[in-house]
Every structure is written in C-alpha cells, then in structure tokens.
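Here the structure is laid out as structure tokens; the discussion comes afterwards.
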Amino acid sequence: MGGVSIKAGIVGGAGYTGGELLRLLLNHPQVEVAFVHSNSQAGKPVYEVHSDLLGDTDLYFTDTLQQEVDVLFLCVGHGAANKLLTEQQLKPGMKVIDLSQDFRWNESLNKEVVTASNRDFIYGLPELQREKVKSAQNIANPGCFATAIQLALLPLAQHNLILSEVHVSGITGSTGAGQSLSATSHYSWRSGNTSNYKVLNHQHLHEIRRTLQGLQEKVLPGINFVPYRGPFTRGILCTSYTHFDLSLEEVQELYSTYYSSHPFVHFSSSTPDLKQVVNTNKCILHLQKEGDYLVITSIIDNLLKGASGQAVQNMNLLFGMEETSGLKLKATSF
Amino acid sequence: MGGVSIKAGIVGGAGYTGGELLRLLLNHPQVEVAFVHSNSQAGKPVYEVHSDLLGDTDLYFTDTLQQEVDVLFLCVGHGAANKLLTEQQLKPGMKVIDLSQDFRWNESLNKEVVTASNRDFIYGLPELQREKVKSAQNIANPGCFATAIQLALLPLAQHNLILSEVHVSGITGSTGAGQSLSATSHYSWRSGNTSNYKVLNHQHLHEIRRTLQGLQEKVLPGINFVPYRGPFTRGILCTSYTHFDLSLEEVQELYSTYYSSHPFVHFSSSTPDLKQVVNTNKCILHLQKEGDYLVITSIIDNLLKGASGQAVQNMNLLFGMEETSGLKLKATSF
Amino acid sequence: MGGVSIKAGIVGGAGYTGGELLRLLLNHPQVEVAFVHSNSQAGKPVYEVHSDLLGDTDLYFTDTLQQEVDVLFLCVGHGAANKLLTEQQLKPGMKVIDLSQDFRWNESLNKEVVTASNRDFIYGLPELQREKVKSAQNIANPGCFATAIQLALLPLAQHNLILSEVHVSGITGSTGAGQSLSATSHYSWRSGNTSNYKVLNHQHLHEIRRTLQGLQEKVLPGINFVPYRGPFTRGILCTSYTHFDLSLEEVQELYSTYYSSHPFVHFSSSTPDLKQVVNTNKCILHLQKEGDYLVITSIIDNLLKGASGQAVQNMNLLFGMEETSGLKLKATSF
Amino acid sequence: MGGVSIKAGIVGGAGYTGGELLRLLLNHPQVEVAFVHSNSQAGKPVYEVHSDLLGDTDLYFTDTLQQEVDVLFLCVGHGAANKLLTEQQLKPGMKVIDLSQDFRWNESLNKEVVTASNRDFIYGLPELQREKVKSAQNIANPGCFATAIQLALLPLAQHNLILSEVHVSGITGSTGAGQSLSATSHYSWRSGNTSNYKVLNHQHLHEIRRTLQGLQEKVLPGINFVPYRGPFTRGILCTSYTHFDLSLEEVQELYSTYYSSHPFVHFSSSTPDLKQVVNTNKCILHLQKEGDYLVITSIIDNLLKGASGQAVQNMNLLFGMEETSGLKLKATSF
C-alpha cells in the first residue's frame, strides 16, 4: 500500500462537493491533487473560495483540464458532466468518477451499466457491488438521499423481502441544495423553518428502484418518499417502513450478515441522531419492529457518504487501496 | 361583545403553555387574569420566569388557587390535571380548560365525553365540533400533533373517504417537549440535529383515531405516524397521504366547504413552509395529488393552535365571544 | 381616540421592513392600508410574497402611487427614498415616514432637521424628542443599531456624562441585511457562524454622534463600535461601556427618570437575553458597574423597534393616537 | 518518528473535552488509548456516551485509574484536578496534561510555574513557549477564550506595544459551557438567542494578564473583555482593539515573524468567519487598522485549539512527535 500513489484532478472544484472532495484528498495519504478546475474561479487561490483551506494548500483554480492524472472527479451540475465527456477527449486510461446524476441510470432502468461517450459507468455504491466497482473504469457516484435509502433497504431486497409498499420520510440539510443562492437557502427563510418538497416524486427514486429491482427477484412494490428541508447544514436522516413477517432478531441477523465486511455501515441498538455521522463517511442503521412493520432508520452525511466521501471510497476501491484510506474522519459531534 | 368581560385563572403558569397563555390573555380585550398559580415559583413576579413579559404585567405567582374566576386553565403535566380535579373542590360554575391529555380520550375510545371528578369533558377541537364546545362546561384541549393531523384529515373522515392506511410524517419544535432540561433538549445536542421518536406509536394517535372513527362510518384503517424532533423551537409540519380516487378539484371543494366557516384554517395553493404560521393561531393546509395518492400538508404553531392559542379559542367559544378575539397575532415571519 | 382613522400607503412593500409594516398596520385599530406599492411584485396578491399574511388580507401590490393617503411609508433602499421624493410630487398635506437612511443626518451633522425636496425631516426617535415628532410633517426613522445604541446612551448625554470613549459591541440578526440573496445570507454559510464587519466604521455612527452631541454640551468623545453578524434572524443586542464616576444607584435613577414616560423602554435587574424582545417593540436596558466602568446592555427587535415598529410608533405620535396603539405585540419568546 | 508510540489515559472521559480528546487520540498514529476513566459511566461502552464513536472503538469506561500510561489527560472539572493529584499518587514518570484551570496561574500571578502536589505545571500555550513545553513534565492547558485572546495579542506584548487599554469582545458556542444541563443551555432558550455574561470580569483574564505581563516589560494596561453566548455549538470569535502607532504593514510584519514557525496560526487578508476553523486546531488571525486603532480578529474552535486539540498539540511536543501529528483535521466547513 505504501507504494501506491495517484494523481487526481477535480473539475467543478469551486462548488460544495468539489470543496469537500478537496478537504478529503489534501489529507489522503496516497493522493496528490494535480489540479482543481473551475471556470468561474480560475486564477484564484483555492483558499479564497474554500476559506477553511487557508494554510492547507497553495493550489490555484485553473481553467485548463490537465490530462496527466490517474483519476478525474467531475463535480459539475447535472447535465454538465455528460456535456463535458461528449465535448472533451479524455486520455483513455484516465478513470472518471462523476458526482452528478448523469450516468446513474438510464431511461429504461433495466441496464446496470450506463454507457456514455464510449465510457461504461458503474453505479458506485460499494455496499451494493464492491467487486464491480473495483474493476470499473468509470463510476457514477450515487445521490445522497439515494444512498441513505438504499443502505436501509439493500438486505431486504437481496432476500426478496420487499413485499409491500415502502414508506420513507427523510430530512436533509441545506448543503444538499448546493452553493447557489435561492429563496429556500436564504438564512432568514430557512432558519427555524421546514417544508416538504418533491413529495412522492423525488428524482432519486429512479436509481433506488433500479438498484432494488436489480437485487430482488419479485416485482418491487411502490417506494413512497416524502423529503423535507431541515434547518441544518449537513446530514440526512431517513425513516423507512414496510410490512414484514420475520422477527426483529431475524432481520438484525440478515442486516449484520449483509454488512459484515463493509467498514462504513454500523448498527445502533438505540435510536440514532443525525450528528452521530456528521463530518464522517459512516452510515448508521437502526432496526425496530412496530406491530407488523419493520422500521429502518438510516443516517449519513450528505456531503460525505452521500457525495464526496463515497467518491473517495470508490476511488480507493478503483485503485486497490484500503477502502477506508483518507476517510477516518473526526466527527463534528456537536 | 363590548360588555363581556371574564376573569381567568391559570394553574401551572410557570411552564411553556402557561406562559404562552399569559402572553395571550394579557392582551385579550375581554379577559382579566385573576391569578397565576405555580407551586415552584410562588411569590415571584411573573416576569422573572417569563422574562419577555417585563413591563407587561405586575402579577406575581401564587400558590393559592382562587375560586372567584369564570374559567380555570390547567397547564399542568399529564396526570396532574386529573389529580388536581380529584383533590380540589372547584366552584361548580367555574369552567375548566385542561391542556393536558388527561381528559382527551378514555381507554375504550368509544365515548365522545370523558367524565372525571364529576365533570364531563368535551374534546375542544372547534373545527370538529364547535357547537358542542360552545355549550360545554369543561374542555379537554387537543394535543399539538393531534391538532395538525386531525385538521389534515377531518374532511376526509366526514365523507367516509379514509379507505386505506394513512401515512403521516411530522416534525416538531423543541418547545413541544416543554421546559424541563433533558439530553434531547440540550442546545449542544439539538442544534443542527434531528431524530425520530415514538415511531408508529405516538400517544396522540389515540385521540386522532377516536375523532376520525367518530366521524367516519366505515372502519378506520391504520394511521401510521413518524414524528421527528426538528432543530427549531416552534411549530409542527405534517405530511399525510392516503389512496384517494377523486380528483384534486373535488377534494379541494370538500375541504374548502368543510372549513368555510372556520377562521383559523387557510389553504395555500403552493407548498407552505412552517414559518407562515409561527406565532399565530392559524392552520395552513395544502392539498396535492401524486398518482393515486392524496397528499395533505398541514402546519400549525405547536404552542398556539397546538396548545394555548386553541385554549383561548375554546374559551372564546365557551363565553360567546368572537372566536378570533385576542388571537389576531402578528406572525414572527422570520 | 375611537374616532381617529387614517389611511396609509406603503412604497417598497415587498421587502422585509415593508412586510413587517404591513403585519402591524393590518392589525392596527385606527389604520386602513390604502395601497402597497412594489415595482417588482405589482399585480400579485400581498400574501404571495409575505406568505404568513395568507388569510389576513386581500390586498394586491400595485405600481401606482396613490395620493389619497394621510401617511406614506417609504420602505425603499438607501438613496431610493431621496430619488422618489425628488421625482414624484406628493400631495402637500401627506405625511411621510422614511425608513431609509436618506434623511437621518446631513454631512455637516450640525443640523437637527434634514431638508430634502422641500420637506423638513425630523429624526424620529421618540425617546429623544417626542414633542418634535408629534408636530412633524416628515419623519426620518432611525437605523436599527442606531436605536439600540442611542437608547443605551441618551440619559448619559443629557447629563453631560459621556466623558471618555464609549466602547460598544453588538450582534444583529440576518433580517438586518434584508431580503436580497448574498454569500453572507446563505443558510449554509450563516448557520452556526459569526463574523464581524464594518469594525469601528459602521454607518450608523453618524446619526448616533449627531444625536448625542446634540444633547451633550461637552465635546463628545469617540464612540467605538464592533458589529457582529449573529446566526439568528431577529434582534440586536448591544453592550456599551464607558468610564463613569457615579454609583450604580445614581445612574439607575438617571435612567429611570429619563425613560419614565416612555412606554417601550423597560429595565431588567438581571442580564437580559435577546428573545425577551423578539417580535415586540420594546427596548430592554440593563445597567451594571464593573470597576469604574458603567456597562449598559440594550436589546431590541431590529425589524420592530429598530425599523417598522418604530415607524408605527412615530405614526401614532404624528396623528395624536396612543403611542402604543397597534404595538402591544405578543413576543415570540422561543 | 515512526518508532514512537505512547500510551495515554483519560480521566473524566465522559464529558465534552474528554470525548473530543478521544476522537483525536483514536485517530492519532502514535498513540494508544490505554483507558478512559469515568466515575459516572464506568462499565459502559464508550460509544454509548459518545455515540459518534460507534464503530470506532471497543473501549469501555472504567473507574480504575491505571498507572501504566505515558501521559494522563485530566478532563475533570475545575477544582477536581487539584483534588485528584492531591489524593492520588501517580507514577513519577507519568506526564500530566490538565485541561482544567487549576494549574494555569496562581494568586500572585507573578510565577510562570504553578506547583501543585509536587508537580510543576507549565502553561501549555505552544505559541508562547514551545521550548518550555517540550521539556515539561506537567502541562496546564490554557482556557478557550484565553487562547483566542492571547494569540491575538502575543506579538504586541513581545514588542512592548500594548500601551493603552485593550478592548475585546468575543462570542462562544454552547459547548464551552460543557455537557451539564442548564437554563442557558436549553435549546428552546438558546436557539436564536444571545446574551452577554461575566462582562469585564471573565475568569480567563487572569491567565491572559499573567502571560502578557510576563512578555511585556512595560506595565500592562487594562484588558476589557465582553463575552457573549452565541447560538451555535462550536467556536470562538474575538475582536480586540487598542491604540497603535505603527502602520498596518509594520504590524503584519511583526505578527508574521512571530508566528512563522507555528503551524496552526494562519493569517487571513479578508475578514474571517468562524466556520473556517470549526473542527480544526487552527487559529486564524486578521489584522486591520481603523484610525489609530489596531483591530485583531482571532478565531478558534473552542473544543480543539481551545481545549482538546491544544492538549494533543502539547502532548506531541512533550514526546518529541510532530507538532501537527493527529491534528490534520477536516474542517466541517458548513
């Protein structure tokens, strides 16, 4: 392991996921950040935009996409990743990890691999398909809510146990909406406030259904999802429930077996709270039975396990490094 | 109206609902606060405990329960209201409005009136049974989540339209947990945090089911409720959905007809956010259809329409005053 | 009093101070809102912009400035008020209350009256010069920090007791920065964050110095002010200290005499906290002595006593109404 | 460096600073946590109390103080550290780092070394006296506000440039008040709220004055400090100003020279905001001149550079490890 060392480039480095990726990669023992691309900030020191990096790096944003990197992270908006790959010829051996939704699923939902611009993209949820990730060339990094909900349901789907509709509600922090200024990201509005949005039609349901139906042989029932905007900055907490015949002990056994080799998934025997995972790459799961309902609570940091942390986890797997390398993060806790 | 003037007493005036009631009654044009009872704070000026009332009142907390009032508000804990009425002989003509859950329902759930200590308690949800409230002697004031959820579902139950399970998620502010210090009300814990609790077994489901089954002739299906602790102080936002055959226009018609004479219920054509109602006695409802699901969003201020504001609304009705008297409140808005 | 009834118009009604003024005037017993002007929102219902007013008003924004009002409130940006009065001929008898800083002081700082467009503006701090306000035609409504700091220092200046530099620090909520979207009003930035700004050169020092030097015969020493952005929406808390020879009892006597007839200023014997005044028109003062320093803490709601509430207070005085009319507001408290 | 490895014990491991220390030491490449002592939580797994450590450690709290450690961290309350050292015989070679205020200064304020229980304590501010720290046996870890204020003023004192009173205001997060439940740490109170406390008489002024007077030959003028409770959990931001004759360029030169070899102090050319340092061990300084005042803004994370991070920094120095070892932390940023 000591010998491995790779060069990484970031496109769209001035946004939230780009900045978070930088915070991780600058401390990663086996990675050198070769360049950080940004059209809007080219020429400025990185710490002028990500001001917490003052003292940590002398990098400047560039508007030139260098080819001499082993892996390229795309932190651009939905649609822009596809455009970039179409317009720009990348060095063939370069691996790509895309954080947008452009290559997570296709319209038919029935293919595991999304091909675009002559590149085949593997859906990068290591807890679903770590081996495929390891041998992939290109990764489509999952969505944040999609990660929290899939990790709550993967073992059920694997055992053909999603037999009736699943009801999910979830709350996300403001960083999920990115850096752009908007009415619902204005402090005076969002502080002490909450609202639902995209009720029962959130776009992440596509990738969730694709994954679960891919695992489960029986036809997947409806997944109903009510997302909320929470008055906090980081994190996602989801509660999912569905009818379930087995006992709590049986389901705990299924889950702990499923996740036994996955270093970022942990089980809490008591009700978890969001800040247990904020600023870490963990997912904490909690299982309970109420009547004939199985209730699963799942929490992640939307910018880490839900975005840039998972991207680094995928990078580690792509290059044969320790899955947790650079990801043993101190939680904020408070 | 000008001639009406009543005397009110408050028991348990040092807590959150007691304080909120005081804030309302001190500005109510037809009410004089005769006394504020508190065992723990007796002898202190009211503004030492409710420090925002500095300059508004010279009242002191007392540990003597005076009988010469027209209405007595019980703002004591669950269990303590029943105990007080059992141990203390109240003047027969005195009306009682109890904010605890002691008289909201009984075990059998099949009686509309809960009788305790020779007093019959009417469930004080004016939008359910305003006429019964007007002629009542004693009022059991509804719970906060119970108010938000019932107001979302009353028109459906009235028309026998709750035909399949209802799925509700809701977020509440910290004042819902009252004034007592606890791990989950500690600022360092709750700030930027969230968690669910009492998933699928919240105690307010009793009164909700009693009400809805009382209205609807067909057997009431399951009401599933996932409550969340939100990192804010005031307010409740609930999202409820259930299968529904009629069109959006038809359901809007049902709802607007049902609430046409109720001054505190309003409809928003766009997705509402919590702060539209904070520091007011309003309930704002929003209706939408997604596939064959009807989705109802309801928002209230948990301390006002969910507690002390509704208590004043009930008082207004009990004494033949304008239903909105003393309740035209300036929203905090931000 | 019952007979008085006036018509009011608002220019710039879509912003924060305009909305807050509306919330007050719609509940004011002696005022009718004749129109609400907004260039950007003309044609829309008021409640679409100020969504908490749903159910409270059927007014629409207009782009026509009607002349048939008794008082016109200018809630437009700094500079725009002056421009409006220069370009637009107002009915001579119409009174004007301007919430911008355009007419609060002039460059020389040595005139009490600022004249613009043939209108003489009186600085509308009732606790400084209530009688002048009563007989004024046009009011320049004070700034928010300026109000909090002046109310802390007026009695000292009146008694020639500001003899050495005054050191002030103060924290303001996000609504002080208005409705416009900016990096420092983005939720993800401001939540859990703080920073200072305009250290020792805040623009409100002009009006503060003009007022204090106008009261005090001796030359006014420096006023040093460090403002902070606080992670909350409403309110201002300031701490001021200066060398002071008299005893605490003597200064308390001076202050309570000075403010004895002013209904919105109250004294707290213990350290106050901001939420005692949020959503009210109050100013709470606290006095203490530490060594030979007098320390004065002052708190107001920046949108009420610091803006729209004070504007209504001035309106009440201009028209011979009760000073507190429409301003007995329920505090948010939490 | 690779060869160094030490064993550490923590007393008072269930509190905030103890937990934060654990979060650091568990990831420190050269430290093994031998035991975590807690009287109140003995027998429980560490992750039951510090729930974000779920999956990170299998340690249990113990009520036995083991002697076989190289360094013992005391994270107990003020007074309790002194009591422990008096009552308990520690192995002579064991180094002690105390996070309480018990050994930071003595009444006379004129000794650099505080001796207690036959142990000499060195004040552990590496930016003041790194060489003394390196050769120390026992460290008194500085207070949080004391760290932020001293780092703002050290270069001035070193050059005899504190010639007139210093005026400091500062805002701290709720974790500064620790884990105990209290009225001012209740979420419903503190959310959206602020207040000052201990105005001009904060206890950290003792250690600040001792340090500055120890550096500066001329008599130290008054240090006036106004602390605020901020509605956030982590961090301290201080603004200090004093009369100053030199130019901005000259003072920048002094400061950058002073801190050139100190890895955790950084300079921002623009106004910093608190979240630049939250969850890091950094101190960011900003210098400006306004008239003849020098204004210094300093920010730290109160639990890291202001407590447990600085304790680890001191440990690194005590044992000849890299000063930054285990302290390259990912900022929370949002």
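For clarity, chains are labelled A, B, C and D in written order, and residue numbers in each chain start from 1.
Just so it is clear, a residue touches a chain if its C-beta (ideal position, glycine included) is under 8 Å from a C-beta of that chain, and two chains touch if they have at least 3 such contacts.
Computed from a predicted structure; not experimentally measured.
Novice: Find the chain most remote from chain D, comparing centres computed as mean CA coordinates.
Specialist: B
Novice: Give the chain pair, either C-D or B-C, that is connected by more C-beta contacts.
Specialist: Of B-C and C-D, more C-beta pairs in contact link C-D.
Novice: Roughly how far is chain B from chain D, centre to centre by C-alpha average, rounded to an integer in Å?
Specialist: Taking the mean C-alpha position of each chain, the two centres sit 47 Å apart.
Novice: I'd like the Å distance between the centres of chain B and chain C, where a centre is the mean of that chain's Cα atoms.
Specialist: 35
Novice: Report, in whole Å, the distance between the mean C-alpha point of chain C and the mean C-alpha point of chain D.
Specialist: 40
Novice: Multi-chain contacts in chain C: which residues touch at least two other chains?
Specialist: Answer for chain C, listing residues that touch two or more other chains: 16, 173-175, 188-189, 191-192, 231-234, 272-273, 275, 278, 334.
Novice: For chain B, which residues count as touching chain C in their complex?
Specialist: 16, 19-20, 23-24, 27, 50-55, 173-175, 191-192, 233-234, 266, 268, 272-273, 275-280, 282, 284, 303, 328-334
Novice: Which residues of chain D touch chain C in their complex?
Specialist: Where chain D meets chain C, its residues are 167, 169, 171, 173, 188-189, 191-197, 199-201, 224, 226, 228, 230-235, 237, 239, 241, 271-275, 278, 288, 290-291, 293, 295, 297, 334.
Novice: In the complex, go through chain B and note every residue touching chain D.
Specialist: That would be residues 16, 173-175, 179, 181-183, 185-192, 231-233 of chain B.
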